[in-house]
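Starting off with a structure, shown below.
Chain IDs A, B and C follow the sequence of writing; residue 1 opens each chain.
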Amino acid sequence: MDNNTLVGLAGILASAAPVVFAAIGETITERAGITNLSINGLILLTAMAGFATSVTTGSLLLGFLVGALIGAFVSLIVAFSSIALKQSQVAVGFVLALMCRDLSYFLGNPYMGLSGPRVPSLPIPVLADIPVVGVLFFRQDILVYSSYILIAVAYIFVFKTRPGLMLQGIGEQPATAYVRGANVNRLRYIYTIIGGALVGMAGPMYSLSVKVGWKGTITGLDGIGWIALAITIFGGWNPLRAAFGAYLFVLLQWLGLVLQPSLPNIPSQVLQVAPFPLMILTLLLVNIGNSEWVDRTLAGLPEEVRRFIAKVLRAMRTTPPAALGIPFENE
Amino acid sequence: MLNKSSAGFKFGFQILAIVAALIFTTVVMLLAKAPPLEAYKLIFTGSVGSIGKISDVIVAWIPLLLATSGLLLTFAAGLWNIGIEGQITLGAIFTTWALRLLQDTSMSPTLIILIGFLAGILGGMIWASLTGLLKIYGGVNEIFGGLGLNFVATALTIWLIFGPWKRPGVGSMSGTVPFDNLLWLPQVEGLRMSWWSLGIGLIGIAIVYLILQGTYFGLRLKAVGKNGRAAFVIGIPTGKYMMSAFFICGAFAGLAGATQVLAVYHRLIPAISSGYGFLGLMVAMLINYQALWAAPVALFFAALNIGSIQLPIVLKLDSTLSGVLQGALVLFVLMMDGVRRRLTAKKVK
Amino acid sequence: MNVELVHIHKSFGAVHANNDISISIKSGVIQGILGENGAGKSTLMKVLSGFIQADSGDILLDGKAVHIGTPSDAIKHGIGMLHQDPLDFPPMKIVDNMLIGHDGGLFPNRREVSKSLKELQAQFGFNLDPEAYVDGLTVGERQQLEILRLLWLGAQILILDEPTTGISASQKAKLFETLKKLAEQGMVIIFVSHKLEDVEGLCHKIAVFRQGSLVGEAAPPYNTDNLVEMMFGKVISLDEKTRLENCEPAVEVTNLSIEDNRIQIRNANLTVNCGEVIGLAGMEGSGQRQFLRTLAGLMRPVGGDLRLGGKRLTGKPYHSFQDAGISYVPASRMEEGLIPGLSITEHFILSEGQSGFFIDREKAVTISRERINTFNIKGEPVTRVEALSGGNQQRALLAMLRTPLRLLLLEHPTRGLDIESSIWIWSQLKDRCRQKTCIVFISADLEEVLHYSDRILVFYNGKVSQPLDAAATTVDQLGQLIGGKGF
């Protein structure tokens, strides 16, 4: 493998870090039973706010802190409107997605095009010198290392720890979880806030590392949040699979860029949207096994074909937490 | 003593929500070190300060009203047609296409305009049907299918403007070559508004109101939206009804797109939908999906949009302020509604 | 541990669900709580298990007053409740199900849990694989899992709410054996049921509830007539069993094979004569539901043939089945039957089919009023269906059926209804039979199946029995078949 490809692939790991944060943040929130649809606007708002904070104060850390706080706060609104005020999560999330986007453009106006600090690269001694692997994984900045850790921690938390099992429980059968001693709604608040804070980190990761700066509507971040939501579904609410989805998405984006010179007739804007039809396609693949007409059609096929197709569909299919989007009230 | 379940009580909370939204927006402006009073004044005079401005508001009102009308049907069927932005865009593209094909023929301009409208409707319907098929036969949530198709529609517009339909020489963000005046929807003397499009918009919302209030189709649509499984068991072909909702909403969206080309921009521009699709979603949420309120609230939102155009020029503020105010209004109305319900529920206990 | 409930009162709005209930249960006793639906049994159990709080009254454990604020408080006091629909996490493993809600460190030791589960199982002869997923278990096995879990958490008082619904005869025998063993070890068992024979066969003591009050207690030997009178206030007997003259075959099912991701049915055969009633029995999840939904056209069979009046319907869409005169009344009324948010009148309009483009509201209201009277629905034409009681919802569903019908399919037509409503519903259904409609219905209530069916099909794990003549079948025979014996 030549060095350029290696650097390119290392770049994918770096550019995927914010997507990993956003997708895992949303995965945790949805595991608890809440859909936070606001994250597209949230990423924009926190990218702007994180950048503005760091430019003003000179502190990168403060930028990320502000991002996480805003993420937590906006997500709290979603949780509060849903749990305490019984409003539709989709409606509130969607309004917030639009409003946060407009807020970021309005408040970010003075910071347009300013040059700001960048998170420095931090090669890990010894490990960075390993051939191939070193270039790929260990000559990154601290954010990328955090994304590796986040994947591992989120996976272990959800599937291997006691509170993680309860997290699965409140998203699947909140009534049972309540009988087992969980304060379902309080946990839903907590996980929505944690998930939101993780999403809120994704914004500054862009504006302080991956795509440094704030350029308003042409920053090119509009849409990432929606992709992250789709990755959450594609990932079957499993942090590991979600991370895989994030890397796949960034890889495809990168391929688009690499291929562009050989396709001069296609404007760059067109290649930039290539992930979206792909997103639809992947959602189609993971969902089509749930369709009634598929069952019907299959029933008319000979046994072996039927078994085979059913098996393939089942392997691809993902099922959401049973209580996703459904409010819980103990009697 | 105020009765907690009374209409007055409900109205009071809505006023409270509006006040809260204004306070929120004011705080946002203070954060941006902008003068709130001047900004509000500017929005006010910028929208109703003169006959010209009022006419501009009406120009913005029509596509917004059309989008809202279509969305009321998809909402009735329980669908979040976020893909409406793309449907408006495709309507505009199809209208432009029809006009480009026919403008150099000997066909009468009236007929070309009519064909332009029909093409727009068709474009919107085709795009909406994609979301519908993905949802009904592929299990892809209409929010994601629609969003993806929105991005594709935008890319398609840009490709057309910089590619096959580019202006002589080099393509630019200002769009395709404007059409001849003859292919404009007739306007009121000296103003940008057109009685024709105003008529289309008002007839559109009236039709939707009638469908939802008094027809079998409307009732079945609601049944599908409120409980699809039961509706199917009762004997309503739910897939067909959801598809119909998408088709009709797509037709309305396409009509809005056609209006943008025929009555507003007279060419295809990159952001041809002007965000009226998403704004229509906000209007629908704000009026709690009641068709009766669509026209006045859409008019108000249109006024905010037009009024804020002056902000960047006069106060060096971004015009997305109107979006912040609109978003805050919807958010606070939803939240206040929740607060009111909580209080009423407690009283019953 | 001894339990005492003293002067418990609980009201929901105008309904006095528990009116001054006092009851005392000694350690080692199996206490039966008998009463029909809505008598207040469940309310009292919810008070004891921390689901709801009594308006007034005390709970004493070993003579000490305790406050039980939540279900998890209850288990800390040693009170465990087994709910009618098992409260567990179907998509998760058994061992994870045990762990959720169990206190301990961050990282649970799954191996240890599996070990203690196996040890506990050995005592009672249960056989659950800790690594298996709960959604692959039968209702009976899920009950066993829940009992084991509660014992593992140290329950001293075990409340069981209608535990014999939906489990097989052999599982029931095993359950009773287990409960007796637990009582011998000094536990308190509270057994809530409306089934006389279960309560009589198991309990050391019976408390009878009616309309929110404790109307009496009984000790063995039990006098059944006496208990029935206490339960209902008067002696109600089911209506006379009527047998209609059957006529020509209307529904023909030949070699029908059905398959979904849960169950496979191979080569089922059945001929239904018009006016005949066929009962489908079996424990939940044995295939009867898939069979019924296939007859309705909601599922497509993978093989075989389905004819109605000689016309082949196999593979046709659901709406062709409806047009052919088939109607399906689902068990989950609010999920599959009715549309919350719409009024009774709007439901009638929807079920009528179209006549023109605009709705004639006035006419619709008139028709609606007539039907509300005929079907004795307690509601107005504008009443939304979610505001109706369960019995009235079921009446509304029946009022929505078209006339004439050739085949009427019902899932649990009287589940959750009081006995008078049930009798009324069946009188309506029998009227349909007189108009030559065939009825095929599912019920978990063996009495209902035996009493109202002409013939019965028993389902066991996807296998279908030969049609049995209901008049020549006893509850015991039926129970054996349901448990899988005799296939």
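One rule holds for everything that comes next: a contact is a pair of C-beta atoms (placed from the backbone, for glycine too) under 8 Å apart; a residue touches a chain by one contact, two chains touch by 3 or more.
Every value quoted in this text rests on a predicted model; they were computed, and no experiment measured them.
Student: So with subunit A out of the way, what's still stuck together?
Tutor: one piece
Student: Report which interface contains more C-beta contacts, comparing A-C against B-C.
Tutor: A-C
Student: As a test of understanding: of all chains, whose mean C-alpha position lies farthest from that of subunit A?
Tutor: C
Student: What whole-number Å value describes the gap between the mean CA coordinates of subunit A and subunit B?
Tutor: Whole-Å distance between the two chain centres: 28.
Student: What's the distance between the Cα centroids of subunit A and subunit C, rounded to whole Å?
Tutor: Distance between chain centres, rounded to whole Å: 43 Å.
Student: For subunit B and subunit C, what's the span in angstrom between their mean Cα positions?
Tutor: Inter-chain centre distance comes to 48 Å.
Student: For the complex, give me every residue of subunit C touching subunit B.
Tutor: So the residues of subunit C touching subunit B come out as 298, 318-319, 322, 328, 330, 335-342, 346-347, 349-351, 353-354, 356-359, 361, 400.
Student: Flag every residue of subunit B that touches subunit C in the complex, lowest number first.
Tutor: Residue list for subunit B touching subunit C: 214-217, 219-220, 222-223, 226-227, 229-237.
Student: Can you tell me which positions in subunit A touch subunit C when the two form their complex?
Tutor: 160-163, 165-166, 168-169, 172-173, 175-182, 295-296, 299-300, 303, 306, 310, 314, 319, 322, 330-331
Student: Mind pulling up the subunit B residues that touch subunit A in the complex?
Tutor: My answer: residues 28, 31-32, 80, 82, 134, 137-141, 143-145, 147-149, 151-152, 154-155, 158-159, 162-163, 278, 281-282, 285, 316-318, 320-321, 323-324, 327-328, 330-331, 334-335, 337-339, 341-342.
Student: Mind pulling up the subunit A residues that touch subunit B in the complex?
Tutor: It is residues 37, 77, 81, 84-87, 90-92, 94-96, 98-99, 101-103, 105-110, 216, 223, 226, 229-230, 233, 265-267, 269-270, 272-273, 276-277, 279-280, 283-284, 287-291, 293 of subunit A that touch subunit B.
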